[in-house]
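The same subunit A turns up in both complexes below, where it pairs with subunit B and then with subunit C.
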Partner chain A sequence: MRALGGHQACFPYLLLMPALVVTLAIVGWPLVETVRLSFTDAALKPTENYVGFANYAKIFNGSFPSVIARTFVWMTTSVGLKIAIGTAAATLLNASVPGRNVIRVLVMPPWIVPIAIGVFMWSWLYNGQFGMISGLGQRFGLLSGPFEFLAFKDAAFLATIVTDVWIGTPMVALYLLAAMQSIPADLHEAAWCDGAGRFYRFRRVTLPLIMPSIATMTLLSAIWTFNSFDIIWILTEGGPRDATTTMIIDTFKTAISRNRYGEGAARAVMIVIFLSLFSGVYFYLLARLARRAIRAGGER
Partner chain B sequence: MNFRQKQREETVKYLTTMTVLMALGVAFSFVQTTTTRAETATLHMIVCGDYEWGGEAAERHIGKWEAANPSYSVELEYVPWGQCQEKSKTLAAAGKPPALAYMGSRTLKQLAQNDLIVPIAMSDEEKASYAAPILATVTANGQVWGAPRAFSTKALFWNKDLFAAAGLDPETPPKTWDEMYTFASTVKEKTDADGFGLSAASFNNTMHQFMNYVYTNGGEVIDADGEIVFNSPNNVEALTFYGKMAEVSEPGPIAYDRDKLHPLFNEAKIAMMITGPWARAEITDVNWDVAPIPVGPRGRPSTLLITDSLAVFKGSGMEDAAGDLARFLTSPDNQFEFEKSAGLTPLRNVAGVADLRKEDPSWGAFLDAVETGGPEPFVTDYVALEDAIIEAVQGVLLGEVKPADAIAEAARRLEEVK
Partner chain C sequence: MIHRFRWYEYGLIYLAHLLLLIFILAPFLEALLVSLRPLNAIFSIPYRFVTPDMGFDAYVTMWKNVPLLWRYILNSLFIATSVTVLALAAIIPAAWAFARFEFRGRDAFLGAFLAVNMVGGAVLIIPLFKLMVTLRILNTYMAMIVPGAAFTIPTGIWLLRSYLMRIPRELEEAAWVDGASRLYILRRVIVPIAMPGIVVAAIATFITAYAQQFLFALTFNSVNELSPLPVGIYQFFGRQRVIWNELMAASLVGILPVLVIYVVLQRYIVAGLTAGAVKE
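This part shows the complex of A and B:
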């Protein structure tokens, strides 16, 4: 029996082995290799030399700190808008209106359409000569002539955020909608019987109960947005004059466009550190929410 | 047998099956590879773009070369323009280079310096078949590092109807920068269109566009001794004029790369633009003609000469065969056939070029400036070169920096990559 017990103890790990090997091969090894490269002067040349922390010193003496700051502004603005609009959209989609299933389907396209196609569509919308936004602005007297949204630093920065929000909001809305639908109807009914109005019910019943979902989605969205590459690259390639260059764009330019693999790897390591911090917060919050749920179950 | 034993037995079966299947897969691919190797050697060639871009002629020529070299089979891989050169460089840096790849000639010096490509063994006769400025685009340290494959020059397109509507002579294009500004200003003032199409996007052809002004004003980036001479009065004047043209151009030129100007020209929203010969096929809706690029106060007729080349990568084990294929594909007759198929400016003045001029006189503006044209600057980090020049252009257009300061800063950055 004891021998069998020993086998049984090993058995789950045996089953996990294929997944573990694959994960180590496609995640662990590249990560270790990236860290190793970040301490070298790897470039196009066939040989590479150990340079210690020179790459890190170089990036922090250059424009990288401002790139980090820009990335955080870009991410927090975009995620904030996605959560706010997504929550409002989920509330509307949860309302008892005729044809709401059709409306729920109609929310999906920004998320379903391949990102590159969606972003190309936006690049034409932002065009001053042919784009609808500039056209409507002129028709309603808001603009005196064609306005190129991607030609000016602030406008381009906002344009990339708007596009990211357009693509990312449906996911947030549907996730929060699912959370709202899991709230027992009798809680709302009880509040209604006690005279609570629509806004009060949202604030005191809906919002507290979906807060764990909002927290989860905020952190996941922050990770995805932090790493968002295609939207900025297709719209502006990081310009004008680096106004939309975030950490991931800067890393791509350094490592791939300029073939400075060592310096690029140092930037990539910085991204991994930031994302690890986000992930740490995410798991901490998950654990805390789970503990709270268990406590609440016990009290009940 | 209890449930746990049954479960374990099934799992062992599953793992065994997976292992056997994986082993079979590896064995099959090994057998297939060795079989192929025994028959012919596969020569991996990366080409930018797609079949539509001269592919018919190129593949026919490759077929002829394979027939003459039966021990080789060319594996042709088309890669989209945006990723093409990065892919070849990354493969080379990873130790798995393509045997032959289409590369912008501006990258050759960097690739050679990093020992990733080998020189093309070109005879004196072959070298003499190219105009000197064209050969200069692929020559560094006395060696030819690529076989020129695609070539372009630029010229000024103008819309005759818009000129007429503005009261200008529709048959007379501007010949100097001053005339170009005045004509553009007149069009902007007297019609609904903008006078000129200016590009300044964060894209490499912004650097190319600006170089046309550098060369038509007698400027340079690097001199014959390899020294950076970008910080010159000629280039400050060129950048000042580039900024001035924004006054009479479409709003927000930073949103436009060169090719995005073509729809504006085709919709008669701009009266003039500087671009390559391929635009002629795209402009179908307006009455246009084409002339040499107007000349700056310190310069002479010129244009930026851009070549892309076939580069032989080191380490494929078939460098000689790849070099032979490159020379075969770019031999005068094959090259001209490819150029006609792809709509490119002819690299050499072969017999067919005279016929081309007769058939389509608009070729004249693109061909006449070749002898006095200037090459793309040859540096060890061309992306850094592009970034430095594009930032200078954008800085001036956004009003953030004066032309003289922008040129000085760009020159300082270029010193690091010469």
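This part shows the complex of A and C:
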């Protein structure tokens, strides 16, 4: 008699069928169609012609390289902040002080509420005339007058990052808190018996053990942040003067706002290539680091 | 004792908690303050937290100015629930296949599903629009539910697969030896034992589906009665004069049901995601 989990002719594929059908229809076919469109001059007109790599040549002669650079800065800053604040928050929420459970509940809402609604609230916080940040800044003498955060290039760039960090950090904190709680208590107790201080224990016990979780979260967070659309679109629509136009916003503006489907598709293809390269490099570096750590551990 | 803090350490810890909570809760506080002010008091300088004429007027008038607010709230919950049900129907069998069966191309299939995470909905918006037209589901709930489900399936498979890999396979094998069919095992053995893992996958899917209702709803649906909450409220911005106090009041009332559900269930949510997400 055959084993339940052994080699089967077709049953596992039947199990995959529902997931495969939905994924192929909603992600697979549109992806192929996007690649095809990227070689055409499709727009708001009845016919489309194949134009070879013309779209790609066009975007690389335009502002696209600077958009890539800007996206990279936006993503790395935002992910760096999310991981840093998320790790700090997880450590805080893991400290056994009275009231910890209430604080854990209060930290999660940005992750629960619809992203768009959270962003509506932020759009008022950033209001220069009547918003809280500008108002308190003036009260405490940090600002000399009303400051419209979304009207200036650098301020808008930072403002969109802060809102993105606000939305992404609770998830990172929850995930890393879970990782910290799975560390066996005896490890901390052994280190404590040996006279290790709190900070030393964090650096030498907690941090190394949650490193795999930090690495996973960094990659996931980078991909989500890269694809972040709602936040920038609602706050600035990519402005002022393109200061917050990331690759995803640029693609959407080209394809939907200006109806240049071909050029938009070429940008979309670049995003997929860019993210695949990024993940590939990330995994490669991670594997190398892990190998080196194992070798170093073996030599001792 | 190892966990005992000195008084100044308590001080520092609570100070850090306070800073974190200010950052997290400031937008909600600002929304509440704006919703309590009359419209002309919102546009007043200098900034003050409390103004004398605060009241709940906006919470009354918003039902007249946004007559569909109830619909938006229910639509949001309905769409997120449908996404969760549809996604689970795909996630449960697929996760079982990846956790227990050996078959050609297993790792490639798993990698392909995870790679879906790399493609955002905004990237595929043009072909997706065409697809919705072809399937004749433009301006229906389905146009928001099906894409929503597709983008949550990979994470769900990943979560449930790690859960299934940790539970012993003896029960399934016992049922198999007793002559139960594979589908019977899935229904009567796997689903009951894996229930905690399924609940975690369901919660993660629901939260994602609820939080991300914007782009698809904005692009694939133009029927007001079907709009989810974020799109319904987004329409405030399109008016001649943005009625900020009602906008904030409607936002807060709109998210209240899910916040209440979250507070009631938070113990299970945090504990469940904790167990499911990390111990790979």
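The rule is simple: the second predicted complex is superposed on the first by the 268 of 300 C-alpha atoms of A that agree within 3 Å, B and C clash if a C-alpha of one lies under 4 Å from a C-alpha of the other, contacts with A are read in each partner's own complex, and residues count from 1 in each chain.
Methods note: contacts are C-beta pairs under 8 Å (C-beta built on N, C-alpha and C of every residue); 3 or more make two chains touch, one makes a residue touch a chain.
Predicted, not measured: the structure shown is a model, and the values here were computed from it.
A.B. asks: On subunit A, which partner's contacts cover more residues, subunit B's or subunit C's?
C.D. replies: C
A.B. asks: Quick check for you: in the superposed arrangement, does A:Phe149 touch first (subunit B), second (subunit C), both or neither?
C.D. replies: first
A.B. asks: For A:Val73, select first, second, both or neither according to whether it touches subunit B, subunit C, the two together, or no partner.
C.D. replies: Neither partner.
A.B. asks: Would you check which partner chain A:Phe229 touches, where first means subunit B only, second means subunit C only, and both and neither mean what they say?
C.D. replies: Second partner only, subunit C.
A.B. asks: Kindly classify A:Pro46 by the partners it touches after superposition: subunit B alone (first), subunit C alone (second), both, or neither?
C.D. replies: The answer is first: A:Pro46 touches subunit B but not subunit C.
A.B. asks: Looking at A:Ala190 after the superposition, I want to know if it touches subunit B, subunit C, both of them or none. Which is it: first, second, both, neither?
C.D. replies: After superposition on chain A, A:Ala190 lies in contact with neither partner.
A.B. asks: Pick one for A:Ala293: touches subunit B only (first), subunit C only (second), both, or neither.
C.D. replies: neither
A.B. asks: Now for A:Gly128: first (subunit B), second (subunit C), both, or neither, which partner does it touch?
C.D. replies: first
A.B. asks: Going by the contact rule set out at the top, does A:Ser279 touch subunit B (first), subunit C (second), both, or neither?
C.D. replies: Only subunit C; A:Ser279 stays clear of subunit B.
A.B. asks: Just to be sure I read the superposition right, which of the two partners does A:Pro18 touch: subunit B = first, subunit C = second, or both, or neither?
C.D. replies: In the superposition, A:Pro18 contacts both subunit B and subunit C.
A.B. asks: Can you list the residues of subunit A that meet both subunit B and subunit C?
C.D. replies: Correct list for subunit A: 8, 11, 14-15, 18, 129-130, 146, 256, 261.
A.B. asks: In their shared complex, at which residues does subunit A touch subunit C?
C.D. replies: It comes out as residues 1, 3-8, 11-20, 22-23, 25-27, 29-31, 33-34, 37, 85, 88-89, 92, 95-97, 103-118, 120-122, 124-125, 129-132, 134-136, 138-139, 146, 166, 170, 174-175, 177-179, 181-182, 188-189, 192, 213, 220, 223, 226-227, 229-230, 234, 248, 251-252, 255-256, 261, 264-265, 268, 271-272, 275-276, 279.
A.B. asks: Where on subunit B does subunit A make contact in their complex?
C.D. replies: Its residues touching subunit A are 4, 8, 11, 15, 18, 86, 89-90, 92-93, 95, 110-111, 114-116, 200-203, 250-256, 263-264, 267, 269, 381, 383-384, 390-391, 394-395, 398, 400.
A.B. asks: Help me check something: in the complex, which residues belonging to subunit C touch subunit A?
C.D. replies: 2-3, 5, 10, 13-14, 16-17, 20-21, 23-31, 33-34, 42-48, 76, 86, 89-91, 93-94, 96-97, 100-103, 106, 109, 113, 115-128, 130-131, 146-147, 149-151, 153-154, 157, 169, 172-173, 176-177, 182, 185-186, 207, 210-215, 219, 228-231, 233-234, 244, 247-248, 251, 254-255, 258-259, 262-263, 266, 270, 273-275, 277-279
A.B. asks: List the residues on subunit A that touch subunit B in their complex, please.
C.D. replies: Result: residues 8, 11, 14-15, 18, 43-46, 126-130, 145-153, 236-242, 253, 256-259, 261 of subunit A touch subunit B.
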